[in-house]
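Look at the two complexes coming up: subunit A is in both, with subunit B in one and subunit C in the other.
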Partner chain A sequence: MIATSIKWTRHNLFGKPFDVVLSLLVIPGVLWLAYSITDWAFVSAKWGIIVQSLRVLMIGVFPADQAWRAWTASAIIGAILGAGLGCVFSFKPHHGLVLLLVPVLLLIVHGGLGNALPATGTVASTILGWALTSYVPLSRKVLPAAAFTGFIVIVAIMAPPGVGLWGGLLLSVLLTLVTSVLSLPIGILLAFGRQSRLSSLRIICTWYIEVMRSVPLILVVYWIWILMPVLAPQWGLADVARGMIGFTIFYSAYVAEYVRSGLQAVPRAQTEAARSLGMSEFDINRSIVLPQALRVVVAPLVGNVLDIFNSAPLVFIIGLTDFLRAGQMILANPQYGDRTFEVLSFLLATYFVIGSMITYAARKLEDHMATGTR
Partner chain B sequence: MSAIVEMKSMNKFYGTHHVLKDIDLAVTRGEVMVILGASGSGKSTLIRCVNGLEMYQHGSLVVDGFEMPVEADRRLGGERELAQIRKGVGMVFQQFGLFPHKTVLDNITIAPMRVRKKTREEAEATAMKLLDRVGLRAHAHKYPGQLSGGQQQRVAIARSLAMEPHLMLFDEPTSALDPEMVGEVLDVMRELASSGMTMMVVTHEMGFAREVADRVVYIDQGSILEIGQPDEFFDNPKNDRARSFLARVLKH
Partner chain C sequence: MNLLKILTAGVFAAAAFSAAQVSASVLDTVKQRGVLNCGTDNTAPGFGYLNTTTGQMEGLDVDFCKAVAAGVLGDASKVKFITVTDKSRFDAVLTGQVDVVFAHTTIKPARESSISIDFLPINFYDGTGLMVKTDAGIKEFADLDGATICTTQGSATETVLTAAFKARGWKDSKVLTYENLEKLFSALNSGRCNAMSTDKSALAAWAGNAPKPTDYLILPDTLDKSPFGGFVAANDSKWRNALRWIEYGLFQAEESDITQANLAEKLKSEDPFVQKFLGVDGGYGKDFGLPDDFIAQAIKAVGNYGEVYDRNLGPKTKMYLDRKGTPNALWTQGGAIYSPLWN
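Coming up: the complex of A and B.
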């Protein structure tokens, strides 16, 4: 064992003179970096600020006495996401254990049940949703309807204190979900429109896509925020809704381009075979071309979801308090001025964990979609 | 003796390239017509015109009582005739054209359910009967990717038959197959021919042509050079180019 590791080290790290120099520089450097980070994270850092500000980070300026509304909403979101995951990837008990680490960690750090309760609720409902669709395949059939109802409930339950008060990680997640779900059908329609035989439709769709892809997201969001009250003053749309519309308008163009690349990847022979069976163009596109096209572009589409989530902080431009902005708000308090690293590290870690979970789910989704291909 | 397909001085161009030149051809009901010719001669294009996968520019083409619109009319929306024709005409392709994301059974039932508005039970019962006929009942719930080329092509034939066509078009159905699988597909086609199905077959299988065809058509550079009984054509071709074509393909 020791002999092989010495041999491995010799071969891989000290094989040539240049390797020796490189190893002598890099190995101590990495060790020092690891030591400093560990030392800071476990000795110097005062993580108490995260626990104290957890509510603000998670739900922004949502009133404290109404927080149960936001926690219920996040539990519903957890259940929907878990149930969605269960459709493509079976739940195993050890997944539950990993997820439960979050509330357990909170419990240990904070030493009180009150603060850990919302996290426990969200994690528990995620596990429940995941297990339900994993073990009861029949429940998958009602998922779209259930998810839609769940979303209505979320809006209904979060609206009373004022839609303008939505914020924190919850807002980031909601924005990402709404944008992803709405931009998919719009993007698909745009992609088909761009290939349409009607030249007017084709030109409109092409223009829309090209314009949206050549301007910055932040500009579109700001512009829609200003424009909506002018176009539809009677609707009195809240900032949050206007932000979601801006994001959806922008990201639909990107979805359209991904879907178009998928449509082009479907062999012409597929359309010809379907045509020769007498199928209508609508049926061909819906049942033959689109499923095969979407299968090809699962990875870029999920990348798009990740992109939406990571762009969510841009909503600060219209005065919303997303996750990142909530972190900045905490740091704006002079009392916490010296905790910059703690707060930013927490933001970084959370973004990283959520992003990794999205890509992980994407891999599982790709495996699931690969049915019928060798 | 009524013609199911009737072409009268049909012409097709790809841009300025004249692909089909003044084609006059009639296929009788119940007839098996094999179309021969070198690659690039226009034989695939000819049968692809019959179900409207290719458009023609001049002349006329009547399929199963419906007049196939010429290109200029189709651009203006002659889609109704097209749908009518396609319902009654099955087509089998060189590359099978099975839908890879659907099981064998779903591949067969989708068109009868969507186009003929059959219930799932009806469509599946028919599909299972057809799978029996092509010897693949046991593979109903597999995906096309799990089958061999020969099996896929038999599924493709069953899929076309599920629409109860009056006419079947075969576009080089065995050209993409490994040699040992050619036989099983030809057997199914032979059985189909003997059941009285009208067939237009583009193939390079000379043995099949000679045995099964009622008439053989030889095309070269977009023109029909010879039409005749298979024995007559193979033993005593009148046209020089047909003779040299046969000499080339029958040598081995």
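Coming up: the complex of A and C.
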């Protein structure tokens, strides 16, 4: 073991004179960096501020006595995501152990059982969902319906205190979720519309897609934010709802383009064969073209979800308090002005964890989808 | 942002058109709705801030929202805080999403002349100030000839400082800019700058939260005025007047020594002015379309102006902002907080 690692080191790090110089420069540098970061993170950083403001970072101004709604919603989100993961990636007990580290860590840092409970619930439901679809293949069949029901339930649970109160990380996640779910059907319709034989429909859809793809997201969001109360004052839509509409309108165009690339990837012979069997245009699209097209574009669509999640902080412009702005809110207080690195590190770490989970899922999904065609 | 402005101009034309057709005062809308939609910031400690530990909105602007809700609807809890940003606050009130905005907005002629809004009376006087290290021996702005003064990037302070240098013919003085207040403050501490310059309200907070507040001295000079006021959509004098007199009511209450604590006692007062002011006997509310006890309700909710100030900005808060000797003191104490005559 030691012999092989010495051999590996000599071969890879000290093989040539130039490598030796580089290694001597880089290795101490990296070690020093690692030491300073560790030293800062465990000795000098004052993490108390994160623990103190955790609730605002997670759910923003959502009323404290209604917090159970938020925790229930996050448990359902966990279950759906877990179940989705289980379809492509089998659950192993050690995954559960790693996930359980989160609430344990929170328990140690926080000291209070009450604060660790929501995280435990979310992790537990994620594990349950993951295990269910891993071990009971039959459950995968009902997953889309279950996920959609879960989605409706989340909105129903979260809505009563007022949609305008959604905030923090939960807002970022819900915005991503709502946008991803709503933009999929709209995007599919637009993609078909762009290929339609009715030229009026084709022109409208093409225009829509091209306009949306050539303007910045922030403009669309702000535009909708101003426009809705003028066009429909009687609806009194909350800022959050208008933000979601803006995001959906914008990202539908992107989804449409992804789906169109999938539609074009389906061999022409497939449609011709179906037509010769006498299937109607609608049936051809529904049961021949779309399933094959979606199979190709699942991975880019998951990437699109990541894109939505990372653009979510832009809603600050219409006065929403998403995760990033909640962090800035803490820093705006001169009392905590010297905790910049603590707060920003926490934001960075959280975004990194969530973002890398999504990319990881996308990669797994891609592998899974590719197995059939190989 | 320019493209945005052109696009929005069209919408406002449409909005103004539909508003002209309806032409109901916001006051009636608020009373009918039963809830006040109040636009505030949530990242400005002392003014409009979401306390990250309690999850509650707090600040001077927030208290003004509560006072309006109490005055108009008789219940301070019937207010919905809608966050507005520096970019969105004018559009928010113009499109009717909020009824009034209290968001530490500087009153300027261009804002009232080119944006279709009307300002309410000034509720806080801020200004550009300077802070130095006490041991530097600097006592006033005139001592800073040849010094390096630091401020934040892209703020108006930079222009103000350059103009002040020019006016005094200082050739060697320099302005250095930093990205944010935190970096600015550490530059002052490390000696990179002889003085840091920004809004006086921010200076006091940074000094007060330092390990040793006496290490810092805020110079008496004010280089540039920055009066804050709330605002409403233009051409709705019914709504604007109601809000103005609620605000003046808070000023007058301080002058007449009516506080949250002694309100119950004052309600029994024999003084005919106090009786009318608080709406015990007659009152001022009816003609504004408000309940006669609107001032009593506002005081019950947030206290008089002095109490609102002390709760959010005063020396006992983390903002450490003393009113004494500033325009924020009552006019009877040499300040500029002044209510017109109630009679």
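Brief remarks follow.
One rule holds for everything that comes next: the second predicted complex is superposed on the first by the 331 of 374 C-alpha atoms of A that agree within 3 Å, B and C clash if a C-alpha of one lies under 4 Å from a C-alpha of the other, contacts with A are read in each partner's own complex, and residues count from 1 in each chain.
In the analysis below, a contact is a pair of C-beta atoms (placed from the backbone, for glycine too) under 8 Å apart; a residue touches a chain by one contact, two chains touch by 3 or more.
Given the structure is predicted, the values throughout are model-derived calculations rather than measurements.
Of the two partner chains placed by superposition, A:P93 touches none, neither subunit B nor subunit C.
Contacts of A:P160 after superposition on the shared chain: neither subunit B nor subunit C is touched. With both structures placed on the common chain, the touch criterion links A:I330 to subunit C but leaves subunit B unconnected. By the touch criterion defined above, A:G278 reaches subunit B but does not reach subunit C.
After overlaying the two complexes on the shared chain, residue contacts for A:P291 are found with subunit B alone; subunit C is out of touch. After overlaying the two complexes on the shared chain, residue contacts for A:D338 are found with subunit C alone; subunit B is out of touch.
When the two complexes are overlaid on their common chain A, residue A:T321 makes contact with subunit C while staying clear of subunit B.
Touch criterion met: A:V61 reaches subunit C, while subunit B stays clear of it. Note on subunit A: of its two partners subunit C and subunit B, the one contacting more of its residues is C. The intersection of subunit A residues touching subunit B with those touching subunit C, taken from the two complexes, is empty. Contact residues on subunit B toward subunit A in their complex (touch as defined above): 51-53, 83, 86-87, 89-91, 93, 95, 97-103, 110-111, 114-115, 143-146, 156, 159-160, 163, 169.
Contact residues of subunit C toward subunit A in the complex are 3-4, 7-8, 11, 14-15, 18, 39, 42-45, 49-50, 52-53, 55, 57, 80-85, 87-88, 91-92, 95-97, 181-182, 185, 202, 205-206, 208-209, 318-319.
In the complex of the two chains, the subunit A residues touching subunit B come out as 267, 269-270, 272-280, 283, 287-288, 291-292, 295, 371-374. Residues of subunit A touching subunit C in their complex: 52-53, 55-57, 60-64, 162, 164, 219, 222-223, 225-227, 229-230, 233, 239, 316-321, 325-326, 328-335, 337-338, 340.
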